[in-house]
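Next, two complexes with chain A in common: one pairs it with chain B, the other with chain C.
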Partner chain A sequence: MRLTLRALISHGRVARKMGLGPESRINMLRNILTGLVRHERIETTTARADEVRFYAEKLVDYAKRGDTDEKAMKMASFWLTEKDLVPKLFNVLAPRFETHSKGYTRMARLPNRENLDRAKMAVLEYKGNPFPPLYPVKKDNELTLINQLLRGYREDRAQQLATKA
Partner chain B sequence: MAAKGLDKCFFSLRLLRNLQLRNERLVSTSACRLVDDKFIPPSKPVIIDKTQSVASLRKFLSPEFVPPRQRTNPLKFSIERKDMIRRRKVLNIPEFYVGSILAVSMADPHASGKANRFVGICIQRGGKGLGATFVLRNIINNQGVEICYELYSPRIQSVEVLKLEKRLDDNLMYLRDALPEYSTVDPDMKPVPFSPTGEVPVNNIKVRMRPKPWSKRWERPKFNIQGIRFDLCLTPEKMEHAQKWAEPWREYDMLKEYDTSKLEEHLLDEFQQEMSK
Partner chain C sequence: MATRSACRALERRFASAAAAAAAAAAARPLVAEVRSQRNAVFSREQARQRALYPRIEKIEVSMQGPGLDGTLLVMNRGMSTPLSCARHLTEYHVNNSVLALVDGEPWPLHQPLTDSCSMTLLTFKDSDPTLANQAYWRSCAALLGQVLQTAFKDDYTVELLSTPEVPVTSGAFCCDVALDPQLDSWTPSEESLRSLTKGAQQLIHKDLPWEPLEVAPSVALEVFSHSRCKQEEVEEKAAQHPKGRVTLYRCGDHVLLSAGPLVARTGLCSQYEVTALHSLGQGPWGLHRRAQGLSLPLQLQAHHTVWRKLRQRAEKLVEVSRLEEAAPPSPPDSTPPPTSQ
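Entry: the complex of A and B
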């Protein structure tokens, strides 16, 4: 018995269907991307966040090429519907990710939406944003014995190095 | 009597000529003894054989070497490339583009002489790897004929480029709906000499079409055809109506981009190294 109909196999297609058609999909992604560039951390449904992630990273790659590149400017002006974000992209985001070669975004799951649809939500952010981190860093307890001894050792070493130099 | 006289004349002439030569030789040797005794040969005449095709010095990588963007293992493509190079070492597949005129001779058990030869314009180059194909079109006895050949098929005995040129498009399938004069190629055409260096000549011809209906709606922007004279066969209203199918977001869609420049350089180096071995 065939469990899948032949028509349901996507055969290597990577783009999800969203909205009313290909134009609507691109427009939706454009809006989400503009919001991401403005606020640097947004929450949407998981599928939309996953699609936008690819475009966000490619946009940063284009921005890295520089302000003067014609193709980069065309791409930026197409994808960012609010034109005051174009200088922000080239002057703030591109230098921030100069050392990174890929992986400028981070995606984390959120609890499902409170509406009737209970949609799967996700938060998408550019790394290096000014907000507190998504996954809070666990700090060790400073007041345990071992940590106090290690702190003393570190201070002694620092003193020795300072007296040597 | 006259014959004897003539004979005597010839004989005397020959004697004189021999004496002259001997004198010259004596003179020349006596003069040259002062210079080196080495024999200086005369300069060889340079024969430029324009009928034979010279190996192209342009940096050209055949499009079937560039692997498509897929989820298959790259090992498959590298093994295929090795086999393609092995075949190319035996059979010389020249550089050609869509729009150039080729003559292909293929082994055929039923043809007299066991091989048949077909001359035509290349209208399409498809497939990647060992299954790469090219379609040649010609009109023979008022009948349009298109034959799809596989580049790496063992039945192919020789591929000659009679005229190397490029056209404005990558796919000339619209020649099926064009007037027959644009697809006719003389089967006994002599190869046109082309330089192995420098740019490939681009033929900017704009083709006239037969009246509609056509096999495909060539005016639609998805085909992006530059080589048809639309002003003769379509009104401006129809052209505008065809622009409804234009997808202006496509050129900005980063998902659809496939940048092959670095891959091509790498593959070209590999190809040249392997072929020179």
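Entry: the complex of A and C
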């Protein structure tokens, strides 16, 4: 092959390298995906979470085909190293995302890891999990003075519209 | 000759006019005199109540609240107020506390504590600020009453009638007043409402504290000896109170009567406007007028667009049902005010 500089510069290369090689990368992602299916919310480095996201969603798409499908079962048994999670995938996760067409996972950044490496961490979860939300919704207090005045104003307007109509 | 008779006639006319004026002035005591007399009686009663505790006795106040649970403060009986407890904590507590809950009872911030108790400081941003809101509404109405009392010239009498308890959702606080019969045909223009607002803003800027004082009805009757209407109000309030005592408040020079606890000081209000003065018809004390206003505290300021909308609503007359037990939130009258702005 031509020994050009282009082989060394990685401008525009989108595929990530992880671990010792492509096989190692797939094995790592398999382990992370198994953890995700078991716990439904996991913390890893940002790069790994981003990689796993694609595979997690594809896995759910396969699971939606149903466990009678040959290909779906093969995929599930390959990707989930702990075989007790295969029924969970087909009976819990697939029905949960029946109405969703895509976007079964959510990723959020975390503070960097405390170790020397200070790695960028992220949390990855399947939507609809039983834990408290990652972005808690802060509701305005209805009883403050200004909110009570606005409530009276709104009721007044509704009444006026009702009498006009 | 002619000049002398003319002079005599003029003298007689002037003398009669002066005599009439003097008689009128003597009949109606000067406003400044009334104010100073009320102030003197209030100060005397306050000094007397303070002198009931000649030696310093200590009481234990346990604070409740976010971050404060179980803090024990050792304060003086009859001298320390919830405000002094707040001063022991932080500046945030001093600036933001509106009212204190002492053993579950609403307690004005400047009233001295008499027993060991557990205390919570209320602010406008609590999870349940209903008591604070009501106290704030009452204080704004009291401020409006004070402004009206001092706004008119000394020739005109102003009778402050009892301020009705209005819920916050009605959109405006009201102060009932009966003006001099000479002003019966007067309707306030926008300029006069604005000058009333300016008077209120001056009081707010001075940051005067509302000093509470719990007195026996006889002292209250002495304070309001010049005003028959106020004396009747004192008797009404004394009848309603479980112990038969009446709470007076003093702000600067002005002594007033109030149904419930008031806020700590005038500086807590930031946006304050006098929105309207409606005539309600003839009553026992003259033409009943209802002055209405809108205000928001320093911690809850509104954007000017929101303020404008709320102010427009506050110009409408607020109907108050005369039920004592439960004041149902009556919808405000949607007819335009009878007086021209």
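The rule is simple: the second predicted complex is superposed on the first by the 132 of 165 C-alpha atoms of A that agree within 3 Å, B and C clash if a C-alpha of one lies under 4 Å from a C-alpha of the other, contacts with A are read in each partner's own complex, and residues count from 1 in each chain.
Going forward, a residue touches a chain if its C-beta (ideal position, glycine included) is under 8 Å from a C-beta of that chain, and two chains touch if they have at least 3 such contacts.
Just so it is clear, the model here is predicted, and its values are computed rather than measured.
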Scan A:Ala15 for contacts with chain B and chain C and give back first, second, both or neither. first
One more residue to check, A:Thr144. First (chain B), second (chain C), both or neither? second
Looking at the overlay, does A:Glu23 come into contact with chain B only (first), chain C only (second), both, or neither? first
Between chain B (first) and chain C (second), which does A:Lys58 come into contact with in this model arrangement: first, second, both, or neither? first
Touch test for A:Asp156: chain B only (first), chain C only (second), both, or neither? second
Set intersection of chain A contacts, chain C complex versus chain B complex: none
In their shared complex, at which residues does chain C touch chain A? 124-125, 127-130, 132-133, 136, 168-171, 296-297, 300, 302, 306, 309-310, 313, 329, 331-332, 334
Of all residues in chain A, which touch chain C in the complex? 141, 143-146, 148-153, 155-156, 159-160, 163
Can you list the chain B residues touching chain A in their complex? 70-71, 247, 249, 252-255
List of chain A residues in touch with chain B within their complex: 12, 14-15, 22-23, 26, 54-55, 58-59, 62, 74-75, 78-79
